[in-house]
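The chains carry the letters A, B, C, D, E and F, assigned in the order they are written, with residues numbered from 1 in each.
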């Protein structure tokens, strides 16, 4: 009877990949905790880049900053 | 002051139906717990079919599998 | 197959009241959208007073401020 | 390592405003609780008007009702 | 950079089982979508029985009803 | 009318610090987006260490691994 919510940035996950996530999480909960797959619900939220922040920055700015840092090394 | 989040698959709920959900949940919280409607917030999330899983499958595959099972009976 | 999350302040809701919320929301979703009660999941989160804010204040401070305002009228 | 979810009605927040929210919340958590900005995640959900309810009404109906009340005063 | 929230009924999941869930979900996201484990956040919410509803009933009532149905067959 | 949910590990945030978070987020939303503080709701979820994962590990194991790495440098 678990409920799982997966939040990722919207960047092209395919229906096949989403099906794999749904199946994989459901299996994991059955294997580890014996949860019944029949009543396991999984939802996936795809969040626009500008709506996702990390390190105090929108994610694309964050990635650009990380890449710039890498180059300087 | 409650906050309620309703998550459903996106399959054509009308503005009238959503208004009915909002009103109905707000009434319920007032009737059962005496919560003030003025500060009761309700949000509805409509989730794409491919982003909703149950029984280890994306919901449309799940429904197809259920329908096939019914037919076999 | 809906998922509903109800968040309220923790202030003594009884198991009977919670059962009424669960039943009431499930009925509402069936009546308004034809959702199957068998796969409707409802969770209730009870949040401590100091973890709930409204009007920029923790809820007990907010209520005290509202009560003070009422008295002045 | 905090996770913050900000839900607002979808009514034209710009990328710059969202970046300000992300930066502001991340700063706040560092200043108040010493949380590391590097692992602070912020997501913003923009919710359609018809999917947001307050006072038992969809938000646009609610605003219209409030405006009508104001005028009567 | 994904965020995953797993909600289960509170019924004795051990720290080892929780670690297995955390590791398993993080692996899955890396394998399926190439997500970086370093910034994958997983939270587990354990919900009291009386705060979890399915089929319009608190979960323990639901399980009792299911068991009674099974016996009748 | 925004709703904000802040999730942190449970490690001793005081009522004063929580009040500061509530006030700070509410101010931020007013300053950046002109949101009315009167209807801004903020909830704080404190999550047990064993229920929070990052980098594929429960957070205390993750911190220990990070500290060990630091020492080796």
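Basically, a residue touches a chain if its C-beta (ideal position, glycine included) is under 8 Å from a C-beta of that chain, and two chains touch if they have at least 3 such contacts.
Just so we're on the same page, UniProt names per chain: A, B, C, D, E, F = Tautomerase.
Please read all numbers here as calculations on a predicted model, not as lab measurements.
Asks: Moving step by step between touching chains, how few steps can get you from subunit D (Tautomerase) to subunit E (Tautomerase)?
Replies: When the steps are counted carefully, the minimum from subunit D (Tautomerase) to subunit E (Tautomerase) is 1.
Asks: By that same contact rule, can you tell me which chains touch subunit B (Tautomerase) and subunit E (Tautomerase) alike?
Replies: Looking at subunit E (Tautomerase) and subunit B (Tautomerase) together, the chains touching each of them are A, C, D, F.
Asks: With chain centres defined as mean CA positions, report which chain is farthest from subunit A (Tautomerase).
Replies: Farthest chain from subunit A (Tautomerase), going by C-alpha centroids: C.
Asks: Distance-wise, how many Å sit between the C-alpha centres of subunit A (Tautomerase) and subunit C (Tautomerase), to the nearest whole number?
Replies: 28
Asks: Using the average of all C-alpha atoms in each chain as its centre, how far is it in Å between subunit B (Tautomerase) and subunit D (Tautomerase)?
Replies: The answer is 22 Å.
Asks: Give me the residues of subunit F (Tautomerase) that touch two or more other chains.
Replies: Those would be 1, 3, 7, 21, 25, 39, 41, 43, 52, 54.
Asks: Spell out all pairs of chains that touch, sorted by label.
Replies: All chain pairs meeting the touch criterion are A-B, A-C, A-D, A-E, B-C, B-D, B-F, C-E, C-F, D-E, D-F, E-F.
Asks: Subunit B (Tautomerase) touches which residues of subunit A (Tautomerase) in the complex?
Replies: Spelled out, the residues of subunit A (Tautomerase) in touch with subunit B (Tautomerase) are 15, 18-19, 21-23, 25-27, 37-46.
Asks: What does subunit B (Tautomerase) use to touch subunit A (Tautomerase) in their complex?
Replies: The touching residues are 7, 47, 50-58, 61.
Asks: Under the stated contact criterion, what part of subunit D (Tautomerase) meets subunit E (Tautomerase) in this complex?
Replies: 1, 3, 39, 41, 43
Asks: What part of subunit E (Tautomerase) is in contact with subunit A (Tautomerase) in the complex they form?
Replies: Touch list, subunit E (Tautomerase) to subunit A (Tautomerase): 1-9, 13, 17, 20-21, 24-25, 28-29, 32-33, 35, 39, 52, 54, 59.
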